[in-house]
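Written below as structure tokens is the structure these notes are about.
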Amino acid sequence: MMIGRVVGSVVSTQKDERLESLKLLVVQVHDHTNAPTERYVVAVDAVQAGLDDVVLFATGSSARQTRLTNDKPCDAVIMAIVDSWDVDGTNVYEKWA
Amino acid sequence: MMIGRVVGSVVSTQKDERLESLKLLVVQVHDHTNAPTERYVVAVDAVQAGLDDVVLFATGSSARQTRLTNDKPCDAVIMAIVDSWDVDGTNVYEKWA
Amino acid sequence: MMIGRVVGSVVSTQKDERLESLKLLVVQVHDHTNAPTERYVVAVDAVQAGLDDVVLFATGSSARQTRLTNDKPCDAVIMAIVDSWDVDGTNVYEKWA
Amino acid sequence: MMIGRVVGSVVSTQKDERLESLKLLVVQVHDHTNAPTERYVVAVDAVQAGLDDVVLFATGSSARQTRLTNDKPCDAVIMAIVDSWDVDGTNVYEKWA
Amino acid sequence: MMIGRVVGSVVSTQKDERLESLKLLVVQVHDHTNAPTERYVVAVDAVQAGLDDVVLFATGSSARQTRLTNDKPCDAVIMAIVDSWDVDGTNVYEKWA
């Protein structure tokens, strides 16, 4: 899994039938200091994430292992909202700070 | 999933039997400002996308989770045509603009 | 899928039993102008491709979705020989030119 | 598989139900001289790894092939703690040194 | 698949039970001229490869398609020892030379 921040969303009306009613969010990938990188991914939201939330996302076939994404053409899913994470004893992100 | 623009197509007569009748489109990958990158992918079209459409595509085993691509040697599928997407409150693409 | 050119082959006698009789070709990956890149992949040939053919290959679990590669430790397959492809209205490759 | 060092952990209360009770560790990826790179991954711990342990992790669908991660939206798992590894006759890491 | 050279091995006593008795080798990835790159992978050995052997390895779910690695948390497997390979009519590697 990787960590990123929800920075936006994608609207689509003409799409595969199995995608109906799924929320598609744009996640900007963060590096190990919680700083934003140039990379992004569009992920299905499985945890009611909101704009600016720092989240954990899974990619590949693992992205289909939630009730919402099972058997769907979805290769990225947000499966956790991060409260905090630390690296080498330093708190690099704290949601409630 | 990633976002890209349909820039072309691929014609092939000698191919695996399971690929018969699938439309193969060339998608140029876009970055998070909707600007084109140097990367591309050839994807099966599952949503009747046309040239210049901005689309969402899925890769890996998830690309086989549409009725069209099920059990086929296909590792990328266009599964949505993007109407609009926004990043940090800015509309980076609007189909009907 | 990506596009590349068949540039060589790999010979191996000591290999997993499930690989017996599969032809292993070296494919140099092309960019979106059909120019060669520094990247390559070794792929199983499912379409009788020959040296110098421009081909389409699939990777990951999708590479096992041909009759030849089913259930085999193969993560890349050539599943189509390209006749032509075009990008933004320009024909970047034409087999019979 | 790749080798890395456990450098931290991620705390999340709002997450997919299937992730309950899994420990999420931050692993900094090492290169082939055992030196840290800029890359990291968040992985589920399947072997009681601790901070600073050098570990082996698997990604993709293979990350779901442990009793702990089976059928879960997890795309990276720590499946071994490294005692030692050597490259070209040189011991690049020794746990008990 | 990619080609690389076996440059070392990894020793681990505390590991997932399904990994017992598997040999874990360090493979340095080669480029298309058979020259070593900075990339490496740790792979399970399915063909009795030895130090310095030039080998073919598969990654992802395909790495589980050998008798040895079936259903195991293994995302890379050595499935062939290379005797020779050639690129554009040039023999870039010959085992018995």
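Some notes on this structure:
Letters A, B, C, D and E mark the chains in the order given here, with residues in each chain numbered from 1 onward.
The rule is simple: a contact is a pair of C-beta atoms (placed from the backbone, for glycine too) under 8 Å apart; a residue touches a chain by one contact, two chains touch by 3 or more.
All of these numbers come straight from a predicted model, not from anything done at the bench.
The minimum number of touch steps linking chain B to chain C comes to 1.
Chains touching both chain B and chain E: C.
One simple way to say how far apart two chains are is to compare their mean CA positions; for chain D and chain E this gives 20 Å.
Distance between chain A and chain C, defined via averaged C-alpha coordinates, is recorded as 33 Å. Multi-chain contact residues of chain C, defined as those touching 2 or more other chains: 60-61, 63-64.
From chain A, with chain B next, the chains follow one another around the ring as A, B, C, E, D.
By the touch criterion stated above, chain D contacts chain E in their complex at residues 1-3, 31-32, 46-48, 56, 58-63, 65-66, 69, 77, 79-88, 92.
On the chain C side of its complex with chain E, the touching residues are 7-16, 18-19, 24, 26, 28, 38-43, 60-61, 63-64, 71-76.
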